[in-house]
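Worksheet for the structure shown next.
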């Protein structure tokens, strides 16, 4: 009886969630799919986005993500290693962890204002891919650290003890034992970070800017896909169909990154358990 | 390993370097807060903090009345939308997680999880766009004007649902198999196992998920800007439009200068303080929890 | 092996060319009004095509920022869709790029075809709340106003002589297209908006209609001949010490060579 009730409630909830999802995605696929072809993905933007394609926008988006990850990943990895070994009762680990919790909640628009003032004005980077990427790096840092830390903590303490008992130095333990073990967690963190960064609009309006030309260098302003969608949806008269198309491209790209990473991390996990 | 450390001991260098990175990550928050304080300074000097609550409405650029800076209605707007979103999303998300772990056949459970992961990656501007074009006209036909607390709560609810559900799911997944087997051995039915054993054991992860969800709901800008109607008022019903703190910054920052601009940075600071308070509350709750568990 | 060598050669040639270019190109930056942004983006594209050594970057972010950036030198040219305040005008040169009207917009299915100035004022002051009171069907009016700082709001306030706190809107829209979508999705809504933007959307098939104001039809023609009463100028702002490249871009933007681009966005070029 109870089992039936629970099952019923859960199926209903899952049905509602799947229904909302299908509604949202169906709307975007139906309105966006017809516009997308190879030319659309490669051509430059024309007529404020109503014609042409999104080639430069895709390049700018990728460059912003590369800048973001190449700064946040090393920093995040180092912090996660410290945290995974820090005792929560000690002030240092506690302080770092709480600050990161709060940082994770700081609204992205605040990061946008921060990035504009610090990277754009104070460091003189202006509106550029570099400004945007660095701002996003600050933003995704907490997510990255939390996922990597979880991956590291999942390494059984026995293994660390064993490494120590074998007389391995800390850095050897780190490189040879901990990091490979934490690889799936790192991967999840990277995927979540990319998802958050690629979806961000508010912070990029103030930092990487609107320019939809093909960027020559990281110091050029570059329009990200999410900013492009925002612009088409709210600024450009008659931009709605193209907004749908760009949204579909972004969602599909993120889904592909996401699903590839998941299957990769599962393969990593199973390959670790099966051999030997 | 010898305990005496020479100056070039790689372990020491490593530990130092790592700690430096960690300190920098933590310092980022302090940098953001200092930056906000610097920008908000002029208006704080001019009006003091209490006028944020005592002023007659939000008319920061009103030249006749010399600027009115009450953020009461904006706080109410942010609160109402975030609360609504959480109330809608949390039960659905937890039920979804239980569905994945205990109810659905493994293949469907996995498919459902993949779907949540894709949903988690949908950009907020897409949610907002969909809400504006599809949801708002629908609510308008029922209860005009359509753009309202309800529209905001629905869109934000759908947006934060995957976050809560995925974290609850991984928390349920990390409940030790032995615990579940013990429950089964005691003859507990599946639903009692799920509700009375697994969920309480996974409480920490579920609560973290909800707090992250609430924080995201409070901080979300683009989607609420599009669907909430942006009228500065304390809502009397869920069908009335509101403006949130974040939407206010996005709407006005580009057009603001002087005290008005500074006041917007001040609202950014208020937002950040709200989130800090939220994290502290969660911390206290976790502490109380740990004590309760420790004492029996 | 040969193809790889050739590829490397071509690649290094490209890199060298890019470096060489980097030393001789000049960048001209524009910031400001999101109403003017799309027009200037097209002007910039055409200018760049004819002058490969000059790059024109167009950023939006609002009129106030455009004016501020032009005055502080963060941008070469600022874009403003409102008149400059006296404090802002000091030390700034203003160039009229185009004119645009601000008119009231209804859903195409709304039977109401005209509203007097008094009726419009009463709708926005909350004294009229049902379309029946102005000869329409029995339905509550959704009056949409614009966010603080938008030049449309300033023009509305000047025309009707009302303070911001007197306006009792049902909704507030920020960007133009948000307003358009709210009206398109709500048969009982009314909003005031750029005529240029509204006409472009009408041509794209959005179900909206423009109301005449004080008996004058709202269209780019009446804005062009100066008879439409609620209109504004779209301005480019510069400092005295304008860089030569920026001066060229400015002159080009103000020349007849770009009138077709301005008209394509349904604005009226300044003559």
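For clarity, chains are labelled A, B and C in written order, and residue numbers in each chain start from 1.
By definition in this document, contacts are C-beta pairs under 8 Å (C-beta built on N, C-alpha and C of every residue); 3 or more make two chains touch, one makes a residue touch a chain.
Predicted model only: the values in this text are computed from it and were never measured.
**Q** Compute the centre of every chain as the mean of its C-alpha atoms, then state which one is farthest from the centre of chain B.
**A** Most distant chain from chain B: C.
**Q** Between A-C and B-C, which chain pair is linked by the larger number of C-beta contacts?
**A** B-C
**Q** Taking the mean of the CA coordinates per chain, how far is chain A from chain B in Å?
**A** Centres of chain A and chain B (C-alpha means) sit 17 Å apart.
**Q** Nearest whole angstrom, what separates the Cα centre of chain A from the Cα centre of chain C?
**A** Computed from C-alpha means, the inter-chain centre distance equals 33 Å.
**Q** Can you check how far apart chain B and chain C are, centre to centre, with Cα atoms defining each centre and the answer in Å?
**A** Inter-chain centre distance comes to 34 Å.
**Q** Of all the residues in chain C, which ones touch at least 2 other chains?
**A** Residue numbers touching two or more other chains: 34, 60-61, 174, 178.
**Q** Multi-chain contacts in chain A: which residues touch at least two other chains?
**A** Residues 233-234, 240 of chain A touch two or more partner chains.
**Q** Enumerate the residues of chain B that touch no fewer than two other chains.
**A** Touching at least two other chains: 132-133, 226, 250, 253.
**Q** Per the contact definition, I'd like the list of chain B residues that touch chain A in the complex.
**A** My answer: residues 1, 10-11, 14-15, 17-19, 21-26, 28-32, 35-36, 39, 91-92, 95-96, 98-99, 102-104, 112, 114-130, 132-134, 158, 161, 165, 189-192, 194-195, 212, 215-216, 218-222, 226, 246, 249-250, 253, 265, 268, 271-272, 275-276, 278-279, 282-283.
**Q** Which residues of chain B touch chain C in their complex?
**A** For chain B paired with chain C, touching residues are 57, 59-62, 64-65, 132-133, 136-137, 140, 144-147, 225-226, 229-232, 241, 243, 250-257.
**Q** State the interface residues of chain A toward chain B in the complex, per the touch definition above.
**A** The touching residues are 2-3, 5-7, 9-14, 16-18, 20-21, 23-25, 27-28, 74-76, 78-79, 81-83, 92, 95-96, 98-111, 113-114, 117-118, 138, 141, 145, 167, 169-171, 174, 195, 198-202, 226, 229-230, 233-234, 240, 243, 247, 250-251, 254-255, 258-259, 262.
**Q** Residues of chain C touching chain A in their complex?
**A** Touch list, chain C to chain A: 18, 21-22, 29, 34, 37-38, 41-42, 45, 55, 57-61, 74, 174-178, 180, 197, 200-201, 203-204, 206, 265.
**Q** Flag every residue of chain A that touches chain C in the complex, lowest number first.
**A** 46-48, 121, 126-127, 205-206, 209-213, 216-217, 221, 233-240
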